[in-house]
Every structure is written in C-alpha cells, then in structure tokens.
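Each chain gets a letter, A, B and C, in the order it is written, and its residues are counted from 1.
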Amino acid sequence: MDRLNATRISPQSISVLAATVGAQIEGECAIDITYLCTLEPGHEGGLSFLAQGTYAKHLGECQASAVLVGPKQVRPDGYRGCFLRVESPYYAWAQILHQFGNHSVWGSEAIDPTADIHPSAQLAPGVRIGAHVKIGEGTVIHPNVTLYPFTEIGAHCILHSGTVIGSDGFGFAPPRKKSAGLEKIKHIGQAILADHVEIGANSCIDRAVVGATYIGQGTKLDNLCQIGHNVRIGESCVLAGQVGIAGSTTIGHGVQIGGQVGIAGHLTIGDHTRIGGKSGVTRSFGSNMEILGYPAEEASIFRRKFAASNMKPRS
Amino acid sequence: MDRLNATRISPQSISVLAATVGAQIEGECAIDITYLCTLEPGHEGGLSFLAQGTYAKHLGECQASAVLVGPKQVRPDGYRGCFLRVESPYYAWAQILHQFGNHSVWGSEAIDPTADIHPSAQLAPGVRIGAHVKIGEGTVIHPNVTLYPFTEIGAHCILHSGTVIGSDGFGFAPPRKKSAGLEKIKHIGQAILADHVEIGANSCIDRAVVGATYIGQGTKLDNLCQIGHNVRIGESCVLAGQVGIAGSTTIGHGVQIGGQVGIAGHLTIGDHTRIGGKSGVTRSFGSNMEILGYPAEEASIFRRKFAASNMKPRS
Amino acid sequence: MDRLNATRISPQSISVLAATVGAQIEGECAIDITYLCTLEPGHEGGLSFLAQGTYAKHLGECQASAVLVGPKQVRPDGYRGCFLRVESPYYAWAQILHQFGNHSVWGSEAIDPTADIHPSAQLAPGVRIGAHVKIGEGTVIHPNVTLYPFTEIGAHCILHSGTVIGSDGFGFAPPRKKSAGLEKIKHIGQAILADHVEIGANSCIDRAVVGATYIGQGTKLDNLCQIGHNVRIGESCVLAGQVGIAGSTTIGHGVQIGGQVGIAGHLTIGDHTRIGGKSGVTRSFGSNMEILGYPAEEASIFRRKFAASNMKPRS
C-alpha cells in the first residue's frame, strides 16, 4: 500500500527544496517532489533521506525520486534518482518535514467537523477526534480515547478507554550547535488500523514520520501497549499487555507476543512466531519460531541455559 | 464471595443452551442455568467450560451445574453435574457468553443515570461512568478516569487520572475456519475494588469474563499497572509502577511487588511474599518468600548466580 | 533551586508541631517552621524526617531547622538543628504532612480559574487543569491531559494525550496497629517541567512529597513513561517508551535511556550515560558510561557474559 511509505505534500521543485536546506543537486533532478517518503522502498515522486551508513544498502532498490545524503555518500548501482547532498541529512530532513509537511491542530470541538465517521460507529463520551480522521462501519470507541489528525480506523474495530492513536512518534535530531537543544522531527504520516482490530485501554500507537504506522486486520492489542512510529503489524496477531515495539519494526501475520515484551527498532519478526513474556528482542527472527529471554533467543536455548545455571555447584 | 466466581444471567434450560452450541447432553441435566461461572470453584446453577486438559483436575471439585467439555473428556469421580459435549468448548463458551451475557453500552451522558454513587464521593471533571456502577462513601475520583459498566468501587478509595476500571479482558478464541479471524470472548463479569484501595494514574483493571476481578481492602497500586481479567489481589498489598498481572492469577495478602514486575496467568502468590523489581514470575510461590529474577526464583538463588557470573574468568 | 527541596507551609512553632505528633524536643528549637523539606540537602526554616539508618549520613550536612528522628538516633557532628524525637519518624511525618500541608481539590470547571496560563499556550479539548497550575509561552497540550494542582509547565513544551502530571507519588507508611491499613503519605510538593520539554502519550509524572519532581530543559520522554516522586532529570535527556524511574532518583544531563528500562529509587546516574533497552538499574552509575542488563552493569561486561553463556557445552 503506497500510503504506508509516503505522505503527499504540495508539489515542490527540487531547486526550492535544495535551497531550503542548502543542498548541492546531483543527477537527474528535473522532477517535482510530491511526496515525502521512506527510504525502503521509497516512492516515485518522493524525497527521502539517508542518514546512517547502515541503511545505504537500501539505496540501490530505493524508488524515491530524490534522497538527502551526506558528504561522503557514493551513488550505488541501480539508483538513478537525484542526490541532495548536505552536511547533515537528518537535520535537513527535519527542516523539510517542518516546512513542507501538512500541519493540523486541534480545534475547539471534541469531534473535528472534518472527521469522516461512519454513521454506525459508536462514540462514547469524552472521545476526542482530530481533523481528517476516518472511522469505519460498526467501530466502537470507548470513553476518553484520543484520535490525532489523519488517523484511520477500519470497520468493526474496538478502541478501549484512554487509548491514544496517531500521536507524534519519538524522533529528535541532535543539536546543531553546542548551545542548542534536540530538534523535534515533525511527524506528518498516519496511524492506520485495518478492520476488526481491538486496542486495549491506555495503549498508544504513534503516527509515522512519513507514510503510516499500520495494524493489520484482526490483530488484537491488550492494555498499555506502545507501538512506535512506522511499525507494521500483520494480520491476526495477539499482543499481550504492556508490550512495546520500537520504531520501524515489522511484525508478520499471526505473531503472538507475551506480556511486557520489548522489541527494538528496525527489526523483522516472521509469521506465526511466538515471543515469550518479558523477552527483550534485539535482532530479527524468522517465521514459526518460539523465542524467549533477554536478549531473546530460541526458547530451547534460553531454557537450556537456565537449567544449566541451576546445575552449577553453589559455592 | 459468590459473585467473584459467577455472573447471573436470565434463566435458561439446558436444552436451549445445548441447541445454541450444538452440544450433546450427558448426565443429570434437568436444572435451569442461572449463572455463567468459573470452573474453579464454579457455582451451583452455573454453566462453565473446560477447554484445556491441564484444568481437568479442577472438575472433580467443581460446583457448576453444567460444563462444556470436549469430545474426549472423561467424567471424573465427584462431578455429578451435566456435561455439554462439543467439538470446541472454548468456542462454544464464546457463543454462550455472546448470546446470554448481559450487555451494556455507553449512553450519551458522562455519568450514566443508573450509576449508584454515594453523595459524599468526589468526582472531578472528565470522569466517565457507565451503567450500573457503584461508588462508595468518601471515594475520590480524579479527572479523566473511566469506569466501565458494572464496576464497583468501595468506600474511601482514590482513583488517579487516566485510570480505566472494568474494560474488557483480553480473550480471543482461535478462528473456526481458516479464513476467519480471532473470535472475541465477551466479558460479562465485573471489576470490584474493596474499601481503601488507591489506584495510580493510567492504570488498567480489566473486568472478568464471568465473576469478578477483585482488589482487596487497603491495597495500593502505583501508576501504569495492568491487572488482567479474573485476577484477585488480597488485602494491604503494594504494587509499584508498571506492574503487570496476567489473567486469573491470585495474589495473597500483604504482598509487595516491585516496579515493572510481570506475573504470568493462572498462578498463585502467597501472603506477604515480596517480589523484586522487574522480575518475571512464571510459576506459583508460597508465603513469606523473597523472589527475584527472570524467570523469578528465590532471591538468594538469583543473587548467588549473579555473583557466580562475576567470578568466572573472562576470556 | 530551593523549591525543589522544600514546600512552604503556614508558619508553625516547634512546640505545636511536637505536640501534634507527641515528640520530645531536643536542641535549639526556638525557630518557627515555614517549610516541610527533604533531608538532603534540607532547607533553612524547614522540618524533615529521618526514618531509616541508611540516610543518617546525610544528617550532618542537612540544612533543615528540625528533623523528626527515632528513639535511638544520635546527633551527628555538624547538625545543630532541632530534634523532634518520636517512636516512628515516618508515621509522624505522615501526620505532619496531612495536618499542615496545603490541600487543593478539583473544582467543577475543566480549567481551574486560579491557573496561570500564558495566552499563547494551546489547550485542546478534554484538558483538565487544577488549581495554581502555571503554563508557559507557546506550550501545546493535547486532548485528555490532566495537570494536578500546583504543577508548573515551562515554555514551548508539548504534552501528548492522556499524560498525567502532578498526581500523588506512591508512598505509604506501614500500619500503626495490626488491624489498621497502610497510611497514605500526603504529597504536597510539585511537578515542574522546564522549557522545551516533550512528554509522550499516557506518561505519568508524579508530584513530590515535598519540594518538586523536576524535568530539565529540552528533555524528551516517549509514551507510557513513569516518573516517580522527587525524581530529577537533567537537560536534554531522551527517555524511550515505557521507562520507569522510581522515587528520588537523580538523572544527569544528556542521559539516553532505552525502552522499558527500570531504575530503582534513590540512585544517581551521571551525565551522558546511555542505558540499554530493558535494563534494570539497581545501583548508581557515573558519567559517560554505557550500561545494560538486569541487574544493569557496564555493557561490555554484560555482552561478555552473554557471549560466554553461548560458548558453554550444551548437555
């Protein structure tokens, strides 16, 4: 789905964008930019950024029409788009998001008049809904839920009290000068819930920087879960209470995650894998696995180590 | 207390219930069913279910008048009630809860007119109270608290902002067909807080499937705690911030639980036991113990292992 | 900053205070008490308490004019103030806080008329603000945030939905009699956020017992964090989701804390130290360190141990 990877902006010429961040233009750069997008896979007509060397491997396949890059970035085979070369790509990205991203504030009404709410949806007292929100058929929203602007909730979803969907993700660029503070990365993407999703009380699902944080059809989250920006969760997953998933991690279909599990950012968990309660997941895992521990490993290995620690002589 | 184990329904004949879920009737089944109840200990006039073999040991002592059982379940000595034999007892239970359980939605008013609130209770702005809620003498409820229908709060309790009491527990039956999704288990039980209970900000206490989730007199919970469905906590316990207790676990009196502890479901923790911060408790423990670690064990063992890991030669 | 360590009360003579708690007066005790204060460093004109022997080391440097002490407490060199000797200093402290501390309840209005809110601040629907709250220039408060009485929010802060600032910290004195319950410690201090602080959705920052819980300039907290009473966090720190910091811990400047980290109470973490995700910190650490694990230790040690556990023969 394209909108998972890109957020539309009003069209800008490359030269205007380059001037905004003091960038040198390199390569085929005649196109207007109409999206801000992720690096992987990117989006035609989109601008993305490459801040860290570890993500350079994605550049060859990147579909973005332009990419903010640092002083030493080499153009890989396969990438034919425009380079906007700057001193600090992350800081330049922050500037672009701030200047060209859509902006929407809260009005004075509890339910913003621009929200598109299916007539069969049930909204309890104290629900707060921002601009351009969409809510599908038969969805039930319990009291004191907050939906930030641009959020989309599918059909037949249930959102329990205190849940917050679409608040800003947690991203800050380092200070430019010694005296300055952290620079907020403006989040202009969305949080999207597919149909038949249930979210427990006081859980939080952040909006994406660009594109969307996405919860797949039929997936159920328990209370007090934290889903970071640009996370994607597949269909029919089950996340128990107090699970936290850091930014840009992808979870497959039918994954079961025990209570208080933490999963670091930029990882991939395969379909139908089960993660034991309180595990701390620091690397990617494939499909149909059972994993456990801190740092998490295959459950059989974790159990063997624990058994071994019990067999040692106790001095 | 009976209502901890059973939730009243309008009386149904066994034959109507059996027809609803396509069950075969076996045994003494003339009685009308007036409760949906837990398996352990069950309730006279009640219907319960037995889905997993590990709980079959409770059936001999079960007081339920009828139990949904699977194709191979043998009738144990001591159980004289009715068997409703079905292919999938959990799915049949989900159907029964859905069809015969009480149902209550949010009205348009912030405080439902059917709520029974003691005149001395103090309710701050933004408190949302559902139908049939009871609130005792001198209880203080801070802003933006949500009490779901059928919740009961005792006298002299304090509920801090953002707390959610009585939202649905986290229970889903597996899909019946390959193409279908997870089946929501409707929760028709209650959340009950005894007198002098204090609940920190943004904590969540789920309602029971049937019967009640129960917090005993004088027990104090810190912020951001998660208490699952059908959990029971005794008197004068202290739970620090971000503790999570999974469904159907029983905590004794005077138990002290450190911050970020997780306790798995269906366990028992004895009176006056202390659980060290961030422990992951995966089995039951007795009274007056000090436990620690992940998986949690006696604190002395945990400390000995950690000391030993420091003494090993470092290659 | 003095108000971090002390909260003003209406002036009381030592003899009135002593009579209230049945204390024996010892030493230079002519002064009136105008503050209730911390033990370390205390405050001139203030009354504090010393309940546990481990904190007696702070008494020599304590600036409080009077201290509640237990039956066996010896007067150290350097402390010239008044001793109020009682059977249980903590219980006496609880009584003093209850009787002489300021008290403020919620009125019927969503925004208390005594709140001092800069005209440029933006308050979304569903925000609840208690008495004597201060909010600085350009601060943005998203829906369903609750600010308890006496909270102070600096300029250019962002508070995301569901956040609760200034709720009571978690403190209870043991029962006096066998039949009695835990005694609530009344919290009369503040929660103070400096300028350019951002707090994620559904996070909680407790008010201090006396003095203030303090979040330094430019510090950013992610969603679902828990900050206990009297915690102090320096400037430009970054706390990821679901972090918990227990009472009276001090965090330096530029500290980075990974998701789901727990830090025990009464510790100190030095400037620019980085704490890996899901660590459990049980002792103080210095500056510029990288720490990890449960219990947390230097990251290099943790990694060496984990590597060693993988190299062992598997039986």
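By definition in this document, a contact is a pair of C-beta atoms (placed from the backbone, for glycine too) under 8 Å apart; a residue touches a chain by one contact, two chains touch by 3 or more.
If you're wondering where the values come from, they're calculated on a predicted model, not measured in any experiment.
Taken as a graph of touching chains, this assembly is fully connected, with contact between every pair of chains.
At the chain B-chain C interface, residue numbers used by both copies make up under half of all numbers present, so the two copies contact each other through mostly different positions. Each chain gets one centre point, the mean of its Cα atoms, and the points for chain B and chain C are 33 Å apart. In chain C, the residues that touch at least two other chains are 126, 144, 162, 202, 224, 242, 260, 294.
Remark: chain B residues 122, 124-126, 142-144, 158, 160-162, 196, 198, 200-202, 217-218, 220, 222-224, 235-236, 238, 240-242, 259-260, 277-278, 294, 306, 309, 312, 314-315 touch chain C in the complex. Residues 105-106, 108-110, 126, 128, 144, 146, 148, 162, 164, 167-168, 170, 172, 175, 181-182, 184, 202, 204, 206, 224, 226, 228, 242, 244, 246, 260, 262, 264, 280, 282, 294-295, 304-305, 308 of chain C touch chain B in their complex.
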